[in-house]
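Listed after this line are the structures, all set down as structure tokens.
Two complexes, one shared chain (chain A), two partners (chain B, chain C).
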Partner chain A sequence: MLFRVAIAFACLFIIAGVAGQPAGDTALAVQQTIAPVTSLIATNHEYDNGTGIDLIWVPSIDDRLAPSRVTGYEVWRSVVGGSGSRIAELPAGANKFTDEQCSRESTYVYSVVAISVAGNAVSISTAPIQPAREWINLHRLNLLAIAFLVSAAVIYFIQSARSGKKLFVRKIAGLDAVDDAIGRATEMGRPILFIPGIQDMDDVQTIAAITILGRVSRVVADYDTKIKMPVSRSLVMTAARETIKASYMAAGRPDAYNDDMVSYVTDEQFGYVAAVDGIMVREKPATCFYLGAFFAESLILAETGNSVGAIQIAGTAMPAQIPFFVAACDFALIGEELFAASAYLSNEPKQLGSLKGQDVGKAVALVVIVVGTMAATIGSAWDVTFMNQLWSALKVVFQTN
Partner chain B sequence: MKRSTYIVMAVMALLFAVSWYFKAATYHGNVMSPLVAGFMITLAAFLTLAIISFVYQDNPFYKFAEHLFVGISAAFWMCQSFWSTIVGNLIPRISTGLSKYFGQPYRDEPWNFVYWLPVILGILLLLRLSSKIGWVSRWALAFIVGTTAGLSFIRYLRSDFMEQISSTMVPLLAAGNSGESLLSNITLSATGPFVAMLTNWVIFLGVICGIVYFFFSKEHTGLFGRASRVGIWILMITFGAAFGYTVMGRITLLVGRLTFLYKDWLGLIS
Partner chain C sequence: MKREVPLFITFFVGTLLIASVFIPPAESWGENFSVYFDIIAVFAFFLGGGNLLRIHLQKVASKRPDWGYSIVTLVAFLVMLAAGLFKLGNPGGISGNLTTAQSWFQILFQNIMSPLGSTMYALLAFFVASASYRAFRAKNRDATILLVAAFIILLGRTPFGTMLTSWIPPQYDLLQVPNLAIWIMSGPNLAGQRAIMIGIGLGIVSMSLRILLGIERTYLGDDR
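Now for the complex of A and B:
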């Protein structure tokens, strides 16, 4: 009897044990409630420096059928032969990702993990892929074509100017006052203050200011006037000294040049302003030039210059600062006029040609805007297919992305 | 200096000492070093007043604050540039020995000419200190200016040329509305078709007239001159709006400074 009972217990135990196995599988199946992403493909990211790989996949079927079941995705990357690491966490519904932190020298394998509360599902890994660098971005051929058009116009006009053809540039208000302002400083025996903005030589406005400085310092050298130029960048100091020195040599007075004409103050914006204001009230310049990139200091400088009775000629392409110069200075060069000023003053073929070439660009812009706007108006108001197509085509040509 | 100057300076020194004493007493028990905290806030307040005193006229206090500001900031920027650019970025990429010397972790990267280029250009610039071969520094300057011009050309071509053209090609009449029903149904709702149409007209005419103003190859006479005049009017209206907006920002800065004086220094407002 006892033996039978023992056999029965043993059988039950075995049955329970055997039954436990599928029960475990069922638990596993419960944990594996979501399907992994499929069709994971890695491709080289086009037209980059060889640092990007694009991933695209079909989201887990559970993400589409019951969106709340999949909470998100993780992208894992491993270098071939190395261990993997998680590189991104994406929300549910995501089906693509661009890894922009790759190296051209490495080969990578990717997998995407679908995340859910019950458990995760790992996709099949991609084939090994190595990012590649492309030298030319074919998506920006339109930019290349327009750049060529403008450059060709510039080169054409430079050649025309060099061949002796007279290029017309309209009068720019304020620039005619430059010589008079320098002459006034000479008569009064007071210096000229030239402020080239507070940006470095990597700003095109500073370059324009230094170009104008060449012309101003040439007149200064001819008139034997004093010029003071405190700067806030060491490279600008070097460039300005070279420019003024060249002007003095061109005027035949190299001995009158002095490195102290240009002095470095500080890179700190308001430290520089404090120093320039101090120079203004102590040296009382007869003429102040503010040409270049300015920020919050524009009005402080212009008001101080105004208080010492200086003639002030300003020019900047910073939209927020132009109003202050317009309000506080005698003459203000607005935006593009700053760049045109150097050509206007120097009358050099290169600069005149460049200015005329830019005008060709503006003419093209005018025509395209008028045609494009007319096409957009007629196309949308009267639903004319050809006009809509023309508008779309122009939009494609001038798109920047 | 005049006797009155000495008297003013002595009074200011006395005021400074009194302020320091009272601020230190205020901080007692609240900070690690009440004396240092009291000194710093008193110094900040006096330097603020010294700079503001320029509104009256140039004076020794302003000169002191000016020279202190310029000296400290120039030294700070030099150290900042050296330690962040040369020591922080360059040396760990080019030299094991120097990295060790400056206590920087050496980045064992493949040899790259790009890292040596600024070294060469920097040395060329420093050669300017030599009277014999100082002219070599112009090469570095030419490189910087040329690269800047090239990069700016593409940047401005995209943002100021193509983007501007693309954004200005807007329909001047509402979609599916050739004008008749629009005029009979004018509403001044900001999101309505009439205001949208008006906005597009302003954009179109503003850009066209603005470009005409900045056209330098033709004299501004006749129709061209009238368009140019409209362009400068539009620019001036824009500048007026920008002026008001920026002045508002400056007033905020002034309020911030006055808050520091009245709250943090004098404790007159809570």
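Now for the complex of A and C:
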């Protein structure tokens, strides 16, 4: 009996001792409630500026139960010789993380804590690791090769055109109609409205629109037609004024140029639309050009232009807006035609040569799509290893992100 | 020199930014240049605001047609500018947060600017209807295909479309209108969109080269 009482007291002391331990020891005690993650490995993140470290681990065995006993993971980082800190909280099931906030000068140690309602479990720390910097991103070599191929083709055809070789460029109806549209405005004595989209000069579509404006305003200057260009960005206003002024000077009519041809309205999307719609309704332009980057305002503008009886030429590289322009405008430049427009209108051989260079890129895309489709179809239908390998290889080469 | 210097800057910066895509230590250059662009754009705003004031003041002064609208524009511009610049009504004063609900700027934005923008956006619904009416008229073969495809997609997105063809057995479920609509969107429509995207990508490369090599100079006000 005395022996049993002694055992009971001993048990009480042990329990009381555990309860009275400091926090770290308590954590050690509850670690036994769930298993920690295992095989935690830290490696240098490839092809970066020495700021990333990849972590990968095998999730806690308790995370594989249904329902999982793990509610999430915490990633802890400490600089060797320094204190640690929590850098990420991840959901249950996570098994990798990339720390992108590292410094090349520091060496780090990582650990992952599995979290559960019952308590946490800390993994064994990784070996010390220092991020390294690479100078070339080999993951993007394929992109470099494709860009080089297309660029080489463009430059080759520009040189061919310069040497006097005749190049065939297909007709673009929307661009062939530009002169007629301006002529119509001249005959009707009404202005031309030119809308260069709602993006700034750092958007390639706006630059394309300004290059087309140069060609259009040259004809406008020759015909002595009135052009009106409300813009939604100050920099576009400045660039457009310079472009129109140069066209008027080239046409030998600098006195006819007026800064008010281009006016700033507002950066606000629908405020701009309201202003342009008002101009359309009041001044009833004979011709409207919508060239550049457009969003929801595309159809509002085009339908208002249609309601005032204007002939409308639109072009954008925003895929979602192309159908609206096709539906509401007389002519629509689809995607690449917007970028080809300036070269097409210039009719200069070296500019047209660049358009032919694009065709090489299209030919490559066409062949790859046909071969890839066939390889994927045959490979999956008849399980032909070579076809599956070809399909995988094409995906690796042409996947750019 | 007026042309050569911008052309050199264009070539130099353009080449640098292309290279930065492939050189990890230079990857942040693109973001840095975007910041420089934003700084320039802020200065350009003074040009835009100044232009807006000048044009509308001239219009009011000379009492040109519709000069009343110019007064509305000028008042709206100046009131909003003052409310934002001097943080009128802001509990934190001039150093307070502009997005505070009590500030005049927020009150004007939430109660006038935002509803007006939404009203303009709402017009889109009517314009979609009128544009669809014109686009979907079966004038020729292409328009007829468009009409049929649009009809299937519209029908497929409604409960009526589901009800209409739910009797088709599971082995022919592709013929059910909702599935047909999904197939049109993920098959022919997606293929067409991707073809356009490939063309756009190539067009951008070609145009960028023309600009970098100085063949395309129209954007500098020079079409020689």
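In the analysis below, the second predicted complex is superposed on the first by the 288 of 401 C-alpha atoms of A that agree within 3 Å, B and C clash if a C-alpha of one lies under 4 Å from a C-alpha of the other, contacts with A are read in each partner's own complex, and residues count from 1 in each chain.
One rule holds in what follows: contacts are C-beta pairs under 8 Å (C-beta built on N, C-alpha and C of every residue); 3 or more make two chains touch, one makes a residue touch a chain.
Just so we're clear, the structure is a prediction, and the values are computed from it rather than from any experiment.
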Exercise. Could you look at A:Phe324 and tell me whether it touches chain B, chain C, both or neither (first, second, both, neither)?
Key: both
Practice problem: Kindly classify A:Arg190 by the partners it touches after superposition: chain B alone (first), chain C alone (second), both, or neither? | Solution: neither
Quiz item: In the superposed arrangement, which partner chain does A:Phe168 touch: chain B (first), chain C (second), both, or neither?
Solution: first
Exercise. Using the touch definition from the top, say if A:Thr373 reaches chain B (first), chain C (second), both or neither.
Key: first
Quiz item: Looking at the overlay, what does A:Gly278 touch: chain B (first), chain C (second), both, or neither?
Solution: both
Quiz item: Thinking of the overlay built on chain A, is A:Asp203 touched by chain B (first), by chain C (second), by both, or by neither?
Solution: first
Practice problem: State whether A:Leu235 touches chain B only (first), chain C only (second), both chains, or neither. | Solution: both
Quiz item: Where does A:Val150 make contact in the superposed view: on chain B (first), on chain C (second), on both, or on neither?
Solution: both
Exercise. Identify the partner contact of A:Gly335: answer first if only chain B is touched, second if only chain C is, both if each is, neither if none is.
Key: both
Practice problem: Under the contact definition given at the top, report the residues of chain A touching chain B in one complex and chain C in the other. | Solution: 143, 147, 150, 202, 204, 207, 235, 238-239, 242, 264-266, 268, 270-271, 274, 278, 282, 296, 299, 319, 322, 324, 326-327, 334-337, 340, 355, 361-362, 365
Quiz prompt | Touching residues (chain side chain B, partner chain A) in the complex | solution = 51, 54, 57-58, 62-63, 65-66, 69-70, 72-74, 76-77, 110, 125, 128, 137-138, 141, 144-145, 147-149, 152-154, 156-159, 161-166, 168-179, 204, 207-208, 211-212, 214-220, 235-236, 238-240, 242-243, 245-246, 250
Quiz prompt | Parts of chain C lying in touch with chain A, wherever the complex brings them together | solution = 18, 21-25, 27-28, 34, 37, 40-41, 44-49, 51-52, 55, 65-66, 69, 113, 116-118, 120-121, 123-124, 127-128, 130-132, 134-135, 193, 196-200, 202-211, 213, 215-216, 218-224
Practice problem: Spell out the residues on chain A that touch chain C in their complex, using ranges where they run on. | Solution: 47-49, 133-137, 140, 143-144, 147, 150-151, 154-155, 158, 200, 202, 204, 207-208, 210-215, 218, 233-235, 237-239, 242-243, 245-247, 250, 260, 263-266, 268-271, 273-274, 278, 282, 296, 299-300, 302-303, 317, 319, 322, 324, 326-328, 334-340, 342-343, 346, 350-351, 354-355, 357-358, 361-362, 365
Quiz prompt | Complex contact set, residues of chain A against chain B | solution = 105, 142-143, 146-147, 150, 167-170, 172, 201-204, 207, 235, 238-239, 242, 264-268, 270-272, 274-275, 277-278, 281-282, 296, 299, 319-320, 322-324, 326-327, 334-337, 340, 344, 355-356, 359, 361-363, 365-366, 368-370, 372-373, 375-377, 379-383, 391, 394-395, 398-400
